[in-house]
Amino acid sequence: MKAHTEYLTFQTKKHREYINITDRVAAALTASGIAEGMVLVSAMHITAGVWVNDAEDGLIADIDEWLEHLAPFKKDYRHHRTGEDNGDSHLKSLLVHHQVIVPVTRGKLDLGPWQQVYYAEFDGQRPKRLVIKVMGE
Amino acid sequence: MKAHTEYLTFQTKKHREYINITDRVAAALTASGIAEGMVLVSAMHITAGVWVNDAEDGLIADIDEWLEHLAPFKKDYRHHRTGEDNGDSHLKSLLVHHQVIVPVTRGKLDLGPWQQVYYAEFDGQRPKRLVIKVMGE
Amino acid sequence: MKAHTEYLTFQTKKHREYINITDRVAAALTASGIAEGMVLVSAMHITAGVWVNDAEDGLIADIDEWLEHLAPFKKDYRHHRTGEDNGDSHLKSLLVHHQVIVPVTRGKLDLGPWQQVYYAEFDGQRPKRLVIKVMGE
């Protein structure tokens, strides 16, 4: 089994931001030379997520509103006694999960026609890392 | 590392439907000849999910009701300005995640006694694909 | 590809409990001798979860309260007609997902500085199993 590892760093302008990283995942796959296997795409922070879904701006805004509804910013999370103010960002990360696996078949990301890989930043405006690990033959 | 890839297509009768695919995942494993590794089971659409949980009809109905409560059908999702009407299906997919990994040990799916693999269709009545990728030795 | 498999068993004192298992995942990696690859950490029960997030007690209490809010204990789940009373535990498991993949790079868990692996018990006080599967070279 071969493995190829890359790290991306994001510094978003907004507190919450959603970034289509499909092309960067595909580039890591190309660099790996792997034809059959998978790519793990995983946030390295606990206030960010990774998902596979549609690249449609209206939907992205719907998702953001929905996440704020289910895991709202609040002042009074216990976590804030540590001096943090990002309790909601942790909950949002848990809700959408922090990683996906993209299968690799015949040298290509084996995604459906509308599947795009997104990095979901829930507490940005500072450097945040993500790991892309390609594994296979 | 060996890899074996299969695609399933579902065309459900209902808009939302939950299908136990454990036997089909096990059949793909048998066809692969792999003894140690894992099986990735991943929806190829952005309005479907895959989970591992109980094969109990009452629970399945509970899950369906719960998902409709947390990610309800609504007319006014921004996504619907594209002509779609399935905003809730995308949110339900994000909530339950679109994929699982089943470990493979000594040639068998290494699942607990009640763990069953389900395909969760949130916008059916048309052909939808899923990829099963077995990887290992 | 090499594979190394371990099983952990938990018997929690409380009905819901959250256990940091990062050291045990790291120990399984060391035992495997694998330098490049990944570790699958997956609950073998359908009323438990596994996540990667912060080891901060206030946050853990926030997560517990939030999960109880989104997937509450109720008497009247249909699942309870089977004699069970843990419908909420299944929903909590679906919400946080039952597994994570930890990438392995140069013989170490390739986690960010605050990322810790947790076993989340939603229906404890009885023996529950989890599988750790290390795969790679």
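Here the chain labels run A, B and C in written order, and each chain numbers its own residues starting at 1.
In this text, a residue touches a chain if its C-beta (ideal position, glycine included) is under 8 Å from a C-beta of that chain, and two chains touch if they have at least 3 such contacts.
Note that the structure is a prediction, hence the values are computed from the model and not measured.
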Fraction-based call for chain C against chain A, same above half, different below: different
Cα superposition of chain A on its sequence copy chain B - rotation in ° rounded to nearest 5: 120
Distance from chain C to chain A - Cα centre to Cα centre, in angstrom: 20
In chain B, residues with contacts to at least two other chains: 1, 70, 95, 97, 101, 135
Chain A residues touching chain C - in the complex, by the definition given at the top: 1, 3, 5, 40, 42-46, 70-71, 77-82, 87, 90-91, 93-95, 97-99, 101, 129, 131, 133, 135
Interface residues, chain B side, partner chain C - complex: 1, 36-38, 51-54, 56-59, 61-63, 66, 70, 95-97, 100-101, 103, 105, 110-112, 114-115, 135-137
